[in-house]
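One structure is given below, represented as structure tokens, and several questions about it will come after.
Going by the order they are written in, the chains are A, B, C and D; count residues from 1 in each one.
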Amino acid sequence: MEKNLFDNMIQDRRKIHMCPEEGWTEFDTTYYIVCRLKEMGYQTILTGRQMIDPDSVMGRNPAVVREAIERAERDGVPHEFIEKCDEYTGAVAILGSGRPGPVTAFRFDIDGLCVQESDSLDHLPTKQGFASKRSGRMHACGHDGHTAVGLAVAQWLIEHQEELNGTFKLIFQPAEEGVRGAAAIVGSGLLDDVNFILGSHCGGRAKLGQMALVHGGVLASIKYDIFFKGTPSHAGSSPQTGHSALMAACATSMMLVGIPRHGEGVSRVAVGTLHAGEGRNITPVHAKIECEIRGETEEVLQYLAKNVEKIVRGNAISYEVESRIEKAGYSTTLIECPEILETLREIGNEIPEVKEIIDLNEPVGGEDYTLMIKRVVEKGGRGAMFRWGCNHHGHHKGDFDLQDTESMSMGFEVFTRFAKKINGR
Amino acid sequence: MEKNLFDNMIQDRRKIHMCPEEGWTEFDTTYYIVCRLKEMGYQTILTGRQMIDPDSVMGRNPAVVREAIERAERDGVPHEFIEKCDEYTGAVAILGSGRPGPVTAFRFDIDGLCVQESDSLDHLPTKQGFASKRSGRMHACGHDGHTAVGLAVAQWLIEHQEELNGTFKLIFQPAEEGVRGAAAIVGSGLLDDVNFILGSHCGGRAKLGQMALVHGGVLASIKYDIFFKGTPSHAGSSPQTGHSALMAACATSMMLVGIPRHGEGVSRVAVGTLHAGEGRNITPVHAKIECEIRGETEEVLQYLAKNVEKIVRGNAISYEVESRIEKAGYSTTLIECPEILETLREIGNEIPEVKEIIDLNEPVGGEDYTLMIKRVVEKGGRGAMFRWGCNHHGHHKGDFDLQDTESMSMGFEVFTRFAKKINGR
Amino acid sequence: MEKNLFDNMIQDRRKIHMCPEEGWTEFDTTYYIVCRLKEMGYQTILTGRQMIDPDSVMGRNPAVVREAIERAERDGVPHEFIEKCDEYTGAVAILGSGRPGPVTAFRFDIDGLCVQESDSLDHLPTKQGFASKRSGRMHACGHDGHTAVGLAVAQWLIEHQEELNGTFKLIFQPAEEGVRGAAAIVGSGLLDDVNFILGSHCGGRAKLGQMALVHGGVLASIKYDIFFKGTPSHAGSSPQTGHSALMAACATSMMLVGIPRHGEGVSRVAVGTLHAGEGRNITPVHAKIECEIRGETEEVLQYLAKNVEKIVRGNAISYEVESRIEKAGYSTTLIECPEILETLREIGNEIPEVKEIIDLNEPVGGEDYTLMIKRVVEKGGRGAMFRWGCNHHGHHKGDFDLQDTESMSMGFEVFTRFAKKINGR
Amino acid sequence: MEKNLFDNMIQDRRKIHMCPEEGWTEFDTTYYIVCRLKEMGYQTILTGRQMIDPDSVMGRNPAVVREAIERAERDGVPHEFIEKCDEYTGAVAILGSGRPGPVTAFRFDIDGLCVQESDSLDHLPTKQGFASKRSGRMHACGHDGHTAVGLAVAQWLIEHQEELNGTFKLIFQPAEEGVRGAAAIVGSGLLDDVNFILGSHCGGRAKLGQMALVHGGVLASIKYDIFFKGTPSHAGSSPQTGHSALMAACATSMMLVGIPRHGEGVSRVAVGTLHAGEGRNITPVHAKIECEIRGETEEVLQYLAKNVEKIVRGNAISYEVESRIEKAGYSTTLIECPEILETLREIGNEIPEVKEIIDLNEPVGGEDYTLMIKRVVEKGGRGAMFRWGCNHHGHHKGDFDLQDTESMSMGFEVFTRFAKKINGR
């Protein structure tokens, strides 16, 4: 790639790395993206509420969003911009060539994590001075790199628009962590006219120099927040008048992990957190469980989901407490479009940075980009996902790094060559 | 007491002892009682269905009753008698003096237990040859003695009827074990005109020579049979299509014992048996729990009962199984009528066999005679319960004996002196 | 196959069908097999204890075996034969050619099930008068057919011994149901010199005319009987002195089904039966759980096994009860020897009865023949398993039938052609 | 009481009310008490570590104490004073008459609560401007009044020391809430020479004008913090390598509430809070339970305690996690010394403020003063507890008030008249 594009990409990545924002709070990041896109000359840019279907939003805490808006304004994000976002984050740049041709969407996710970045000098961002400036927040999954690749791709596309037909939609998606954001973009209808969609992730099992074609292996998942509300009482003098939300949550947890295995596909049930009770000698009034289910197929997932609902409903009755289930995230399995993977394989073979192409199919964590491919395929299009490799000690850890100067150009190359192949004049 | 009466009493007890019948199957016993009452000259004798409200019957297995009827007929109980009983056991003798006066009821319970009688020669019934002839069945709680005392009292009353006013109702109650039978007699309305009621039990804390006045300490209790019905599936190939009655029963058991204590009275929850499942690798379809709750007050008992229902209902939903709760027994707390206890104390002081009068008030097992006193008191009458002592190694054990020749006459004396005191001309 | 052999095979199958014996009680069946083998001229026949390692025996109830021995003697099995068996069942015929060559083992399982055979005239064994004569017992899985095929193969081998090199071991295995018997034969060392082993099962997914090559899909499994022993107490008066085996079993069941899924292979946990408690108001002293675990690999199985042990041990402490775990069965995964499967495919292609060859690889129930292949492979040999098809309504059901005259000859052909191919001169 | 003493008492109470400090952090309060005692002329004053046995300390968080010390220093408490306290709070004033006579101890507890004080103008402290200055902290149980009564008693004693024999120990106890502090004072040996001990509490069932003699009804209690430490794993990809502290805590909670009732006394088990887990898709590493047990007798309490330990130990094994139980509080039942209660009744009859004397015996919350009486009685002394009444809306609530000008003088009168009666010359 050209030096100019490369330098911008590295600079973008490092700036974004310094200000990680967790899902649904990416106001600084969205503003940065939009400013960069405008500099490049993009005229059609959707932000926040314009590209988000609020009814499909999951795992978003309004109080946390409000705090994030205040912070963003303190950071200098203009009030008018915030107002335009209308409480939601993310951006989409649309580039129409004016010529007929495919609608091609690229997806880049932009959110960071609640992880404390390593202050070791062995950690490159720390050593080179671009570590997170927000304590307890970090781009520990590489979405900073994804975003920077997306901006570089955006710049390349606008510079080469005369060589391209059709239309591009560059999606800068919020809240991928916890698989919370994709459904809201799908719900907005943005993908309903898309013919081709391409997404990527850095790292995982793909090491530096490897390009991975993802055939499957993504478990469908639903994330739940389960709430119980009981009745207080003094545990010493009148235990009989209390209804313990804590006990309902414990019984629910015991039952959740006991949902029978499914004979037709891998399943997972995890109870990740449980917080309940107000004081040692008071019958607990509030309980909250954060849990998740995963299934090898949508059928397995829905089987688990049905059981979650029954269990919560049953325990609400057994313990005479109120219950509420909130869907805090959702992703599906990866639909495989073999011909697109073959196109990517051909592209990979032409890219100097790609030393090896690997094929991935084993179960890994969820990815809500699966919802986007699903919608595109349902509407008659096709799509795929690839990984551009980097060496790392594990995602979501304080010492995660992606070797930006060595790894990111592979991502850039795949996206831009795909654009040429699919939309080239 | 007169030798004649005494000899009959001992003979009656021993005959009854040889043919113990568990609750609701006392056809031989009922027939024996009715024959004896007729011999004495009683003309108004209600049996079985005539004194039982079927809607209030608890803990009665129709299949077991059918077998008992066949057995009774084999034993020589006439078919017409069985027909008159109409599938129910128990008898009531009514003796009207023709003169105005109190209606006084005496209650004697008649059922045996599923206990194997000791074959040790240290055990008096075995040594003297009147041990149970029915394997695995035994009068191990002394109700044979109660019944024989009742028959002796009956004989005395009819012999002394000219000295007595008002009316007597001698109730030979089935199915006291498991507190199953009293509610059905109460439900029949038999007690609604009763002014005074007296009941007794042998032994317990009352040793030979002691008469005990029972002030309270009887916990109210409900016995439950809980059934779950699930859906089978092969546990290896399609665990997801099964719904386990066993797991519903386990969760129910865990929750039952966890019902919060009551701040205003002692409570008990016991899960006594659990039987579930058909085979190692099949999702269990059937589960049955036998449990019981006890409370120091009716309020405590009803609090527990409400929780049992909620828990069963909730787990039926959580595990997607059918549930059914059967009330297999019920007794309440003992209402104390202090003036009747004082009357008994006076009577006791006059009886040579009574060496000491003791007062009982600590929690012990349940007794469904409590339902009878309750109804009598509700209708404006009064009642009481006493114990006539015997030395024993524990009720419900294979070596239980009540030393009939030494202990039973105390019971006879209390009942007959009470009759004279209350109904004497 | 020759008419004579065929007629014997059908007659053998029907005779065996009439006397089904559950695992470890097959004394009549073993005697029948041994008599037939002797008629054919076999001289080396091991029976019972001679081929069984008692330390590896699982799921065998000595009391049930004693009853079976009495029954067998009543049925006319000679006392000396029983003595030779020394309380164990099963037989092995060894046929040495006297010429060097491979040691080839064939395995036929011989046990029946506790299933009531259908008395419908639509059910062939009933219609034709060879239904089970033992109420509640039935050859409902086709092992009668397996045994008869084995006898026909035995006859063919001895008739064709001059055309064959090496040695044959014909294993008539007891107690395959519940995967209990194979380990005891493996433990005896019988397979340690075997070069080739072949086993089969009728039916399953193989329909009439189909021969199935089994590549895998057999989950490894352990069957457990878990016992808890508590302390009794009166649940009303002194609940604090009791230790409930029932509650320990319930908590154990809840935890067993909650063992986390394994990320590297399918797992199963099933709690099939739970029986606990002696009476409604007595703290339960005895509890027994029948359960099983299954794993896609031995690693997954051993992970589950470790958890079962921890859970039982932990609950014994929590509830202050004694615990005991008995391994009631064990089977492993199927080791695939592709070249043997190819040999079978070639053989299948030559057999007129084989209309179609299918390949099976999906998870099904366990099969303890897997332990035999495993041992043979460990010792440097190879082996395989195939199915000969029949149309059926489901194994282990009262109307299971295998259409003996149409289906069994396929099994015979595969074994004998395999013998010729591997051991032919 | 004299106006001067009264005015000081009200002023002390209001100053203390403004600076509530939770248990083990009462550095400001201790300093205030010590300053006031010095002003009065007390020469022997023990503080903090001098009167505390660290090995008997319960429910004390060193990190919270460190923060409290910093705060106290910011509030102006001299560094040397803090150093003398040596990280512990509380004070004891000793007044020796120089004449032989009884050693009499008075106990006043000094800690506040984590409760937000009401800002309603109906709430007297708010209306009159002496409400808590510490947000989220409040003297919501009246210990401010107890302390002020104690200071007034101290002043009276030193003013009347010439009229008194023997020795007085005025104990200003930290951390009564959660029954955490008394054991540490007992452990210091301070009470081992005490002949008489008197303690009091305001309010409860004693209304304004009532003095209550406490005969019993205080349940013995232990407060526990239970910790589990598990092993993390990714719940999607490798659930089998995790060990969930959360599930161990849930199972523990289910079992704790299921500890069987005790047949010989009231029991309570309460699981008040449960906090577990780090993230939705990570096997939870940390779990903490705050719970408590209560018993009508020490035997019942120790029965429960033994079960808590077994359950925690068992679940640590079942779930392969580490466990730790911390005793966060302990109190026992109230030993009744009838003659001291009679002395108090006589005193009450002489006090004009006492309109009615009531006798309390029903179960209420715990009180760790019970440990002090117990030690005194064990060493041959005697003691008692009384209540001086006030009208209130419930202790531990934001609108608790004790009507200082009307109620506190009763407390003062009882203590000082008791001093005169027991230690008068």
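Here, contacts are C-beta pairs under 8 Å (C-beta built on N, C-alpha and C of every residue); 3 or more make two chains touch, one makes a residue touch a chain.
Just so you know, these numbers come straight off a predicted model, no measurement behind them.
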Labels of chains that are neighbours to chain C and to chain D: A, B
Relative to chain B, chain with the most remote C-alpha centre: A
Whole-Å separation of chain centres (CA-atom averages), chain B against chain D: 51
Junction residues of chain B - those touching two or more other chains: 236-237, 239, 244, 247, 251, 254, 257-258, 260-261, 263, 268, 283, 363
Arrangement of touching chains [line / ring / star / complete / other]: complete
In the complex, chain B residues that touch chain A: 236-242, 244, 247, 251, 254-255, 258, 260-264, 283, 300, 303, 310-311, 313-320
Complex contact set, residues of chain B against chain D: 254, 257-258, 260-261, 263, 266-269, 363
Chain C partner contacts - residues on chain B that touch it in the complex: 178, 219, 221, 223, 234-237, 239, 244, 246-247, 249-251, 253-254, 257, 268, 270-284, 287, 290-292, 294, 328, 363-366
